[in-house]
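Remarks on the structure that follows.
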Amino acid sequence: MILWSSNRLSPSRTDMLLRRSLGLLTCLAASVVVFVIGFVLVESLPAFSEIELSRIISDDTWHPADPDNATFGLIPMLVGSFLVTFCALLWAAPLGISIAIANEFYPSRFMSPIVRRTTEIMAGIPSIVFGFWGLTTLVPLIANIQAPGQSLLAGSIVLGMMILPTIVLTTEQALHSLPNELAIAAAATGVGRFAFLWHVALPTCRGGILSGVVLGLARAIGETMAVLMVSGNIVQIPGSLFDPFRTITTNIALEMGYATQTHRTLLFLTAAILIAMVVPLMAVMQSLNTEQSHG
Amino acid sequence: MRKIIALKFSLFLLLLLELSGCGISDSAERIVPQRLILTGSSTVAPLAAEIAVRFEGQNPGVRIDVQSGGSSRGIADVRSGVADIGMASRPLADDEQDLFSDQIATDGICMIVHLDNPLISLSDEQVKSIYLNEVSNWKEFGWEDAEIVVAHKADGRATLDVFVKYFKLKNPDIKADVIVGDNQQGLKTVTGNRHAIAYVSIGTARYEVENGAPLKLLHSGKIAPTPSTVASGAFPMTRPLNLVTKEPPTGLAKQFIEFAMSAEVHDLVEQQSFVPIKN
Amino acid sequence: MAKRPLSEKLDQLVGLLVRSSSALMVGMFLVVTAAILRNGLSGLSMEFLTTIPQDSGRGGGIGPLIVSTVLVLGICLLVSIPLGVGTAAWLSEFSGSRQVVTKSIQLSLDLLASIPSIVFGLFGMVVFCQKLNFGFSILSGGLTLACMVLPIIIRTVYFGLRAVPGDIRQAGTALGMSQTRILRSLIIPTAMPAIVVAILLGIGRAMAETAALIFTSGYVMRMPESVFDSGRVLSVHIYDLAMNVPGGETNAQRTAFVLLTSLLVINLCASQFSGRWLTGRRA
Amino acid sequence: MTCDSPIIRVNQLEVTYGEQVALRDLTLEIPQRQITALVGPSGCGKSTFLNTLNRLTDLLPDCKVSGSIQLNDVDILSAECDLYEIRRRVGMVFQKAVPFPLSIEKNLTLPLSEHGLPRSEQQKLAQQALKDVGLWDEVKDRLKKPAMNLSGGQQQRLCIARALALNPEVLLLDEPCSALDPIASRVVENLIVSLRKRMTIVIVTHNLAQAKRIANHMAIFWIRNGAGTVIEQGPAAALFLNPREAVAQEYLSGTCG
């Protein structure tokens, strides 16, 4: 690989200038994240002095703006975020992986191109469209079974559909990267397609498949608008699939318009918690990717 | 090399501070007197928008943008300077007395249900029992066996404040199924769900009913929810619709607020089923 | 050998299972888009695209919203493209052997890419709207989006630049050309497909965004007169019609149709465009 | 050992990549307006040597060069020398043809404009260079077409033309024919011979027959003590007839290397 060495090859002033200005742009771009995270942290710091921080765990409701009896329990929202993500993954991950398997190992001349195209288009559908469909079609359907319709079930169906293409595409990529020789060698020794898939392909691509699932997980946790439209936004720990709930992302979206003082600080703290939840996921994914590229 | 990078970085930080400084000083020039931004109560927003259109018609070159988001947002935006005028569908609270408000109309709050619902009226006790989840099935009101879907407003909404104050409820005690934001979202929830119940602005609800939304406004006991009962004070749950400013209004803001309070817009107020202020 | 029939049966069963998963997904896709397609196709007209919305969006068209969307995208790209291409160029051409610096910059970009959009909304609202006093405006919205799409653009352009063969840098240097000239006349043009793809990906991400825009560019439905005006973009319009406007579904579906079609066209353009660049009309 | 009028004098050259020593103790003289062939087995530093002659080694992050290389009276390796000037005076053509992804004409004019020639001059020089390499008649109707569409031999000649347009004193060729078919290879070879009158040519080749055909002067590279160096140099004909070193003899007769 040929690189410009930094200190020897630049007698020309324009080169110097270009390198400096590009370097400056790079600093600017790299610092955006510092600004965003730093800003969220700085704005959430006063929370430590304004309230006893343990109250976010010990309070069981969220009424931060109540003048007489404010409560700051974030647990219901955290549980809501966790549950809806979990339920979405519960069906979207197996489905996504089997679709990728179908594309790679059980291709059909008629279906496969359609499925591929559909996956690509679905990956590009804005979350608001899923939310809109959920609100106008899915919620009334669920309401027919059990009111109110805005529920954990609706949220996890909508979220699952949103992360499905991500899982399919990543898994397919992982399966596709298997060397062809492996399949030929397996066939030559009389190993059947399913046996190859089960004993060779899936274990070998574990890292890639997992990183697809983690990617979907990160996206699901961060999703806001689609969930906001179908979740009912009640602050409570949902007792069943048909109960409404609120996630930490929708909590920010619902309240950031008017929150002041401690309430506002706490929303920033929520955002900080959200970031703190996503960062380890990213680290996990990176380690999975390195594992994959090495093995 | 790393030192140089650190240097660049700090230079950049300085630059950004500089920029933000410029931004602030620029903004003073940016807010030319010909523009007004109103944010806040979703009850006031449609009325304010209508008044704005007429005001713009009379004052060419003026542009007035109206956005909803709730009374508390209106007040927060006026405080932060993002909005010139805040809209609030409630009186100013104790900790908001530093602001200035002008009432442009009066509105009531009533319960609404789906048009299919045979219910005509609810007493205060009945409303309370529904919102405290003591009664949870429409069967109890002589309708079909279906769970009541209780829609409740989000924190920071004026309608919620007026509602809990009137019924002497504590917000944390209320057991709801859906949290709604704007008035319109409350209406939409009820039109989309036969078994829902919500409380909304009378003006907004009547406007939607006239536009064909399958809704029904419930009487409060024996009193019908109409502008005339609100005007006469017979309807129990009423509240002022206010325009709020940080300082005593001046310039274009003053002009607009005076216009909004004048008799020139009473027809618009009535058209929205609100009650104009007559002196 | 006795196991053979069993394993074949298993294979067939799995095949059936995974293929029906595929069918299930295609079915879901159709269910989600059916209503949008039906109403979108029937109600779409030049008039809908150009007129102003009426009656809270129940009637009329989406003209001003399209203008707002284009303006927000314009601001977003105006900031993110130079910044993104510049950063990618530095990372690819000038970072030299400073592995630590390069790694940490890439880490920071990965981190930025993983931040949920609602956090950007919060950041944009307080920093651009309030602290920098741009108010709820197209400018605030565009800048917020620029922060969001930056990592996508940098990554795509970076891989494009890295894919330019080292031969070209070597040959250019051997001819005594300066780095500036090699970058401008040889590397950037060669990597143009990647830059175009980066722009299109950025547009795709930005157009689909709602959460970061509601509290930054606001939702005034009127025709914006400058970038300091608030402007409602298409996705926010769909949200508002769906959540807050009884009887707004039909127009929400039409708007969604417009949004989906434009995203589809953008993707199509991307492949078309990069195809043409790659086969060489590059003089 | 010395030749009459050397244009390049290499003295005690050492090139290292990180820990690895690529060239050590290399001393060589390259005569003016002659073709010097650098031969020897793969991996003994011929291409590296060529790269040091116009400081392309600068592109490699951890490459260190010491010793001296005099081009007439300029020390190429000194920090003060004008790199852009050196690279204009010492042109280079690589094993694989590297046309820029631009039009044929732009391929030639881009470096010229970089060296500050006016536009009219650029076109004249470009045209002349194309004529010099015999490409003019083949491409004159499609100067605006992408250079990538040319055949392999044409591309290589275009690259030579691109180097010639700058009118260098020395032209370095790194196995210019090895990626070409025999016919194209012969065309390029004839071209190289015809250029001898105008400039000094240094060519790396694995093809001994080719070296025999075209070279006036020759240097044999070999690995000594884990690093590449020149073990023998002199007029080509004499060297072919009567090499001093045993390994050189074996190499030239094809029994080793």
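Just so it is clear, A, B, C and D label the chains in written order, and each chain counts residues from 1 on its own.
Criterion: a contact is a pair of C-beta atoms (placed from the backbone, for glycine too) under 8 Å apart; a residue touches a chain by one contact, two chains touch by 3 or more.
Every value quoted in this text rests on a predicted model; they were computed, and no experiment measured them.
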**OP:** Name the chain with the Cα centroid closest to the overall protein Cα centroid.
**Re:** C
Original post:
Two chains share more C-beta contact pairs than any other pair here; which two are they?
Top reply: A-C
**OP:** Would you mind pulling out the distance in Å between where the CA atoms of subunit C average out and where those of subunit D do?
**Re:** 48
Subject >> Distance between the centres, which are taken as Cα means, of subunit C and subunit B, whole angstrom >> reply: 34
Original post:
What whole-Å value do you get for the distance between subunit A and subunit C if each is reduced to the mean of its CA atoms?
Top reply: 17
Original post:
Quick one: subunit A and subunit D, Cα centre-to-centre, how many Å?
Top reply: 55
Original post:
Considering subunit A alone, which of its residues make contact with at least two other chains?
Top reply: 2-6, 9, 12, 23, 28, 31, 136, 257
Subject >> Residues of subunit C whose C-beta touches two or more other chains >> reply: 96-98, 169-170, 173, 178, 243
**OP:** List, in ascending order, every residue of subunit B touching at least 2 other chains.
**Re:** 1, 5, 181
Subject >> Residues of subunit C that touch subunit B when the two form their complex >> reply: 55-56, 58, 98, 101, 129-136, 218-220, 222, 225, 228-230, 243-247
Subject >> Residues of subunit B touching subunit A in the complex >> reply: 1, 5, 8-9, 11-13, 69-76, 79, 93, 95, 146-149, 154-156, 170-172, 176-179, 181, 192-193, 195-196
Subject >> In the complex with subunit C, residue positions of subunit B that touch it >> reply: 1-2, 5, 20, 23-24, 26-27, 30, 37, 39, 42, 46, 63, 65-68, 80-82, 181-182, 184-185, 187-188, 191, 208, 211-213
**OP:** Can you check the complex and tell me which residues of subunit C touch subunit D?
**Re:** 96-97, 165, 167-178, 181, 185-186, 189-190, 280-283
Original post:
Touching subunit C in the complex: which residues of subunit A?
Top reply: 1-6, 9-10, 12, 14-15, 17-19, 21-23, 25-26, 28-37, 39-40, 43, 95, 98-99, 101-103, 105-106, 108, 111-112, 114-115, 118-122, 124-133, 135-137, 161, 164, 168, 192-195, 197, 218, 221-225, 229, 249, 252-253, 256-257, 267-268, 271, 274-275, 278-279, 281-282, 286
